[in-house]
Amino acid sequence: MSIRTVTFDAIVVGGGGAGMRASLQMAQSGFKTALISKVFPTRSHTVSAQGGITCAIASSDPNDDWRWHMYDTVKGSDYIGDQDAIEYMCSVGPEAVFELEHMGLPFSRTEEGRIYQRPFGGQSKNFGEGGQAARTCAAADRTGHALLHALYQQNLKNGTQFYSEWYAIDLVTVGDKVAGVIACCIETGEVVFFKAKATVFATGGAGRIYSSTTNALINTGDGIGMALRTGVPVQDIEMWQFHPTGIAGAGVLVTEGCRGEGGYLVNKDGERFMERYAPNAKDLAGRDVVARAMMMEILDGRGCGPNGDHVYLKMDHLGEEVLHSRLPGICELSITFGHADPVKEPIPVVPTCHYMMGGVPTNIHGQALRLSGGHEGEAKQIDGLFAVGEVACVSVHGANRLGGNSLLDLVVFGRAAGLYIEDALRQGMEQAEPTADDLDRATARMRRWEDSTGGESVAELRNALQSTMQNAFGVFRKGDLMQDGVKKVAELRERIANGHLEDKSKAFNTARIEALELDNLLEVAEATAIAAEGRNESRGAHSRYDFPDRDDENWLCHSIFDPNTKKLGKRDVNFKPKTVDTFQPKVRTY
Amino acid sequence: MVTSVTSLGRNGLYDWLIQRVTALILGVYFIFTMGWLMTHSGVDYLTWKAFMGSLCMQIANTLVFFSVSAHAWVGLWTVTTDYITTLQFGSKATFARLTAQLVIALLTLVYLLWGLVMIWGGA
Amino acid sequence: MKVSIYRYNPETDKEPYMKEYDIDTQGKDLMVLDVLNLVKEKDPTLGYRRSCREGVCGSDGMNMNGKNGLACITALSTVAPGVLEGRKPLILRPLPGLPVVRDLVVDMTMFYNQYEKVQPYLQNDTPAPAIERLQSPEEREKIDGLYECILCACCSTSCPSFWWNPEKFLGPAALLQSYRFLADSRDLATDERLSKLDDPFSLFRCRGIMNCVSVCPKGLNPTRAIGHIREMLLERGV
């Protein structure tokens, strides 16, 4: 099969915050950079981020210190976040945030003219001793939108070549090296080989493996799927964050900033129940803690509504002015999707799948890693492959991400990868040269769907996969249920391999894209299921009935899912920050 | 920046301002004339002629004729550039638009000159 | 309920047609996007864009019973009276005025081109400080109602002036973004920006029809922004 080739210095797959920050860095330095995105870049899921970007810029508190932020993040991660990476993110953060401001991001302001910061969950001053901090830089409650548009605008200015509405199908590998990706133009159906010395995955999360999620419909784990199919492992993939405040029924997110601004959760008796679960931080405890508390209230029969299946987020005491100036988008969403005006009544909320802490393991330069010599081996870089943002696991979030740290992760590591690649390109990066067979391998799954003549429909298979994941791998997990889930996912692998794509037309064929996305959802779901079943402890977002305690002796480590063997391995957590002392694991209370 | 050589002011702001200022002149003139008519009952040809023949009204009428012409030109030019385009007329659009604009320009000029002759011709 | 959808596949159809579907919504007041998803489960060949499904990404702008809007935040009960009850069909068409790629998907190139023309990025060549550039809350307030645009194109494609001159008239969305930077106290390219808007088309084709205001799913007001730019041009030119 002959295939058109386009050549770049670097290609970025994904047009969200991380991808556009990386492409901007390289385009600014004059490297020929392409950005492939399956949607027009400003329609990427970063646009939905609401509350803000957490960073010690010392606006709200002039004495704020990035080390305090680091402490919070390490604690939030339940101690399996890599401390060198967290140190890098928190210390470089202010520079990265100020750059965003210089690019034009319209942050809200304080009276002094500085960036407005609001309190978020898990934030403290003075290493947990100084009370609640306000460290999340915000543009009202549309920070993600403001950030994504500012980055797109800067990319336009700097001449990044956009391939909007192009869908990346698979990595092209030459032995262990990555030579680029195969991508398909959604509008015409044309399949093209994007050849580059550096391929950066910035494909975001995969919340759509669950039936109820705050994630956009496009969050189908395409990068994870592509990585796993070429034998690249994933790390801590069992760690899925359930956001406490998804609007019940709709799954749409309302920001943690609601609680940061003074809102709180109540059960059916009107009790502010978080006081019982987290006496100090209350509603601003870690997300995993709050989500579990909510589920416990609901399971104990203190849920609200006719079915007792949600709790209420109360904000009416904040007053119309605060709500309309600080949380205007939330008011809109709540009225549209929750049928409740927060000015007058509480919003019905329920913990909802929100964020994938795991992903492709990388170092702080975004270089993807694989373990050499089996799944207990040393981490080794993969030539030509980088990953940034939610698809990557650096790991700064460990077992539980703090609110506002995802946007920081995007810009800090998008930028870091860009800086690293620039440097490497200047010194001369090698371009792997694929053979026809290599290209063939990367188009195989597309041909599989093209050649399908009968079988189950994509929608049917996707629904089955999502409900399996929802039932067996939710907020609380149980060994037998998960084993059953693993089996069901294995069966689904067979069924999806025989799935049917009926519409084989070329022009803007969204059915084909959905079929290709389903392959990726399956890869993520399988890795999640096996990793979750394998981690025999409760840590951060991973909470098991049958192993209710944290087990530092056996599991103070990353899990590594190896797609070749489908087995779970372990990798050491980095406890060696460069400029500060190690934060030793402690019992995690809020 | 879109260039256009046939617009009156060759500039959007200028055209826009011409439209507004001429409209204002026409409005004031209309109200004044109506006011005069209402306050003078039983106006016959002679009173009317005397009123219009005064220097004040001659100047006002001249202004009005210039205003009508400019206003019409800017407005009709806009209409031709909205509706006589490749979207509706394909490859013949430019020819059709230029022809229409020429006809409108000539007519406007003819009316203007005719009006001036009426006002100042002393008939 | 009855759903009538504009269908066109350039590979198989000579011309577009309206296709009827019977969809069981169980009487629920679903969003139009939910209905589309139900249709797509029955007929996977239907093409439409969607992403965030909560009204912030701007993917699913379309024409619903004659009015442009976002399918994901338009409830059946608000489309038109009688639609929710099934007395009237839900009629879905692509955004008007742009070439149709397939079904409800339009080619937005012209729309994006106009956006790019206004240089939609902050311009400030003075050396950046080590921290953020300061901006008072009052200065910052001036870009409220402007930066929130999601580029869904509902406004520009409901604007007759944009229909007639999509290549020359920038359209409400691009002009709103133009003013977003003109109004930003940190942007220093005011004069250059204004001189690019001074011709008879780019901005001055706005006739104040205000369709843009009536359809904007984010409640923004491009007509007012255009008015502000005109005032700035006047101030500068007189």
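Chains here go by letter, A, B and C, matching the order in which they are written, and residues are numbered from 1 within each.
Keep this in mind: a contact is a pair of C-beta atoms (placed from the backbone, for glycine too) under 8 Å apart; a residue touches a chain by one contact, two chains touch by 3 or more.
On a predicted model such as this, the values are computed, not experimentally measured, just so you know.
**Student:** Specify the contact topology among the chains shown, as one of line, ring, star, complete or other.
**Tutor:** Per interface graph, the chains form a line.
**Student:** Looking at contacts between chains, which pair has the highest count of C-beta pairs?
**Tutor:** A-C
**Student:** Mind checking the centre-to-centre distance between subunit A and subunit C? Centres are C-alpha means, answer in whole Å.
**Tutor:** 28
**Student:** Centroid of subunit A to centroid of subunit B, CA atoms only: how many Å?
**Tutor:** 64
**Student:** On a C-alpha centroid basis, what's the spacing between subunit B and subunit C, in Å?
**Tutor:** Computed from C-alpha means, the inter-chain centre distance equals 37 Å.
**Student:** Give the residues of subunit C that touch two or more other chains, as numbers and ranges in rising order.
**Tutor:** Residue numbers touching two or more other chains: none in subunit C.
**Student:** For a test of understanding, state which residues of subunit B touch subunit C in their complex under the given definition.
**Tutor:** 1-4, 7, 9, 11-17, 78, 81-83, 85, 87
**Student:** Would you mind writing out the residues of subunit A in touch with subunit C in their complex?
**Tutor:** Subunit A reaches subunit C through residues 39-40, 42-45, 47-48, 57, 97-98, 101-104, 106-115, 139, 142, 145-146, 149-150, 153-154, 156-157, 187, 216-218, 252-253, 329, 332-333, 336-337, 457-459, 502-503, 505-511, 514.
**Student:** Tell me, which parts of subunit C touch subunit A in their complex?
**Tutor:** By the definition above, subunit C touches subunit A via 9-12, 40-41, 44-59, 73, 75, 101-103, 105, 107-108, 112, 116, 119-122, 124, 128, 130-137, 139-140, 143, 147-148, 150-151, 181, 184, 186-187.
**Student:** For subunit C, which residues are in contact with subunit B within the complex?
**Tutor:** Going through subunit C, the ones touching subunit B are 161, 164-165, 168, 195-205, 230, 233-234, 237-238.
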